[in-house]
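In the two complexes that follow, chain A is the common piece, with chain B as its partner first and chain C second.
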Partner chain A sequence: MEFIVNHLDLSLFAVLVTVGYAAGTFAERRHYASILSRERAQRQFQVMNAEAYFAEGRVKNSFMVSGSAVISIDYFKRLLAILRNIFGGRVKAYESLVDRARREAILRMKEEALTRGADMVVNLRLETAAIGNAANRRGRIGSVEVLAYGTAVTLNKT
Partner chain B sequence: MKYIARELTENVNVSKSHPLAELAWLAGGLLAVVAILYLSLWWVADRIVPRVPVQVEVWAGQQLMARFPNRPDPQLTERVRNLVRLLPAASPLHRYDFTVSVMEQETVNALALPGGRIVIFSGLLKQIESENELTMILGHELGHYAHRDHLRGMGRGLGMTLALAMLFGQHSQVAGMASNLLIGMEMRYSQQQEKSADAYGLDLLVQTYGHAGGATDFFLRLADQDEGKLAYLLASHPHPQDRIAGLRKMIARQGYAVGPTVPLPETLVHQSRECP
Partner chain C sequence: MIVTNVNHVPGRKILEHYGIVQGSTVRAKHVGRDIMASFKNLVGGELKGYTELLQEAREEATQRMTTQARQLGANAVINVRFATSSVAQGAAELFAYGTAVLVE
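Up next is the complex of A and B:
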């Protein structure tokens, strides 16, 4: 008990890392469950990053759709990344963050396209941005944003 | 082209390893690096410290301690200077300009800060009943200076802080936390260092009064009291019983006489009782 009071900053750090691990793992597991079920539901909807060429008169309408997701790191992942900065190697802790952000952004884009009645999305592009990166240097927590955008197409039924 | 929707069962973008296993590997590696660094600093400090000139230490002490106000106690400072006068002319302690200040704190301890600043906590002053005990304690602190114990700890603490600041960045929380922890740890001396400082204090005591009376009185009183209040001293110094046994052995070996003690002068008693 005395140790905790004497080393308040150390205790706070331990609490933050523990909370980060528990909450981060819980959130990640739930997010992946949601991603998987939604991906399964939208499986038949075509999305491609190719520049598509359609026969004349095939395309009825086209418009841009986009979806973006911001995922934050937690103290536990940050600790792993700080340690990785010393030893080098793959920052495995951040892989799942980027993966989740990418898939969530594509899912949201697909959802927009579906609600607007599109038949498929072509020319899919992905952009990544780090949010709060400058603040990260002063010991703040940063996040990653992924933006997915593409051209939604509605087709004339043949 | 026919579109066939396939479900991906595997995710190649996320590594399979468990994050806790990764943490264990990385933290273990870091600990190993820090341990090697610490041991090499220990080795280097032990070789460099005896060669640091006193002038350099006094200068560094002034730079380090400039932030903390120094209000030397004239009586105690005079006592330390009288003790230093007893030392042989070759002693490096003559090059220090010793000052003793009293800090209002209940801890039963005294500190030897770089540059010849001795700090005695009022909690310790309250426990003292005779001049001989006071001389023994001041002599003990002078022993730390003579053996340069205070520099050894500081050198390691400083080296580790610098190394961590380089690893994690100067203003990072990690470096700040680690240096707080390390500096606290490095203020403590090893049991062997405390024992040689006791021997140094004992010799000075005998030189002053002609006998070793009062050398163990203070520790006897500490040993009688409950340990809770004195946990700090007990954690950083050997147990009082061990110190009493060590001192008695030294007294017997040197053949020192044990005579009556001199009570503290009124002015000092008054001062130590005044402290809250």
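Up next is the complex of A and C:
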């Protein structure tokens, strides 16, 4: 008890790391579970990042769809990444962050396309941006935004 | 107004090109959202406030772009691209640009 009182900053740091680790791991696991189940549900829906050319009279309608997600990293992983900066190598903590954001953005775009009755999405583009916020003050990326957009196409049924 | 990000409008013929149209908006979050986000930064996960903010901003940028296209007499914007840049601490610029065309 005396130790905690004497080293308040150190204990606060330990609490932040523990909370970050627990909550971050839980959030990530839940997010991946939801991503996987939604991806499985939408597997039949075609998305491509090439421009598609259709035969005449095949396309009924086309419109743009987009989806975006801002995902933030937790305190523990940020610490890991800072340590990683010293030794170099794969920063696994950030890999899963951008992976989640990207897949979530694509899923949201697909969901928008599906609710608006599209048959497929062509010319998918992905855009990544680091959001300028308090966590980014020292040039470290705290959260990442991914935007997925493409052209949704509805086809004439033959 | 048809908006696509392919360089044609699927199933329609382009009759006329009007050149580039663009729309942009600079947004900042209010302090409350910033504080909430910094808490969320601790535990990780999605920052819903920011997602919404950026989505709204992007819609506005697209709207400004289509308004400009309409003024030129176009009825579609093709090859639309989005870009984001953080202009200042806590503010983001969202930018949309494309080519205004007349389709049949």
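In this section, the second predicted complex is superposed on the first by the 150 of 158 C-alpha atoms of A that agree within 3 Å, B and C clash if a C-alpha of one lies under 4 Å from a C-alpha of the other, contacts with A are read in each partner's own complex, and residues count from 1 in each chain.
Here, a residue touches a chain if its C-beta (ideal position, glycine included) is under 8 Å from a C-beta of that chain, and two chains touch if they have at least 3 such contacts.
It should be emphasised that the depicted structure is a prediction, and the values quoted were computed from it without experimental measurement.
J.: Clash or fit: what happens to chain B and chain C when chain A is overlaid?
T.: They fit: once the shared chain is superposed, the two partners occupy separate space.
J.: Which partner does A:95 reach: the first (chain B), the second (chain C), both, or neither?
T.: first
J.: Could you tell me if A:80 is touching chain B, chain C, both of them or neither one (first, second, both, neither)?
T.: first
J.: Once the two complexes are aligned on chain A, which partner has more residues of chain A within touching range, chain B or chain C?
T.: So, of the two partners, C touches more residues of chain A.
J.: Look at A:43 in the shared chain and tell me whether it touches chain B only, chain C only, both, or neither; answer first, second, both or neither.
T.: First partner only, chain B.
J.: Return first, second, both or neither, reflecting whether A:126 touches chain B, chain C, both chains, or no partner chain.
T.: neither
J.: Thinking of the overlay built on chain A, is A:63 touched by chain B (first), by chain C (second), by both, or by neither?
T.: In the superposition, A:63 touches chain C alone.
J.: Report for A:7: first if it touches chain B alone, second if chain C alone, otherwise both or neither.
T.: first
J.: Quick check: superposed on A, how many Å separate the nearest Cα atoms of chain B and chain C?
T.: 15
J.: Would you tell me the residues on chain A in contact with chain B in one complex that are also in contact with chain C in the other?
T.: Looking at chain A, the two contact sets intersect at 77.
J.: Which part of chain B faces chain A closely enough to touch in the complex?
T.: On the chain B side, the touching residues are 3, 5, 7, 11, 13-15, 17, 19-20, 22-23, 26-27, 29-30, 33, 167-168, 171-174, 176-177, 180-181.
J.: Quick check on the complex: what are the chain A residues that touch chain C?
T.: Per the stated touch rule, the residues are 16, 19-20, 23-24, 27-28, 31, 51-52, 54, 56-60, 62-64, 66, 68-75, 77, 104, 122-123, 125, 127, 129-135, 137, 142-143, 145, 147, 149-151, 153.
J.: In the complex formed with chain B, which residues of chain A make contact?
T.: 7, 9-10, 13, 21, 25, 39-40, 43-44, 46, 76-77, 79-80, 82-84, 86-87, 90, 92-93, 95-96, 98-99, 138-139
J.: Which stretch or stretches of chain C touch chain A in the complex?
T.: It is residues 2-7, 9-11, 34, 37-38, 40-48, 50-51, 54-55, 58, 80-86, 88-92 of chain C that touch chain A.
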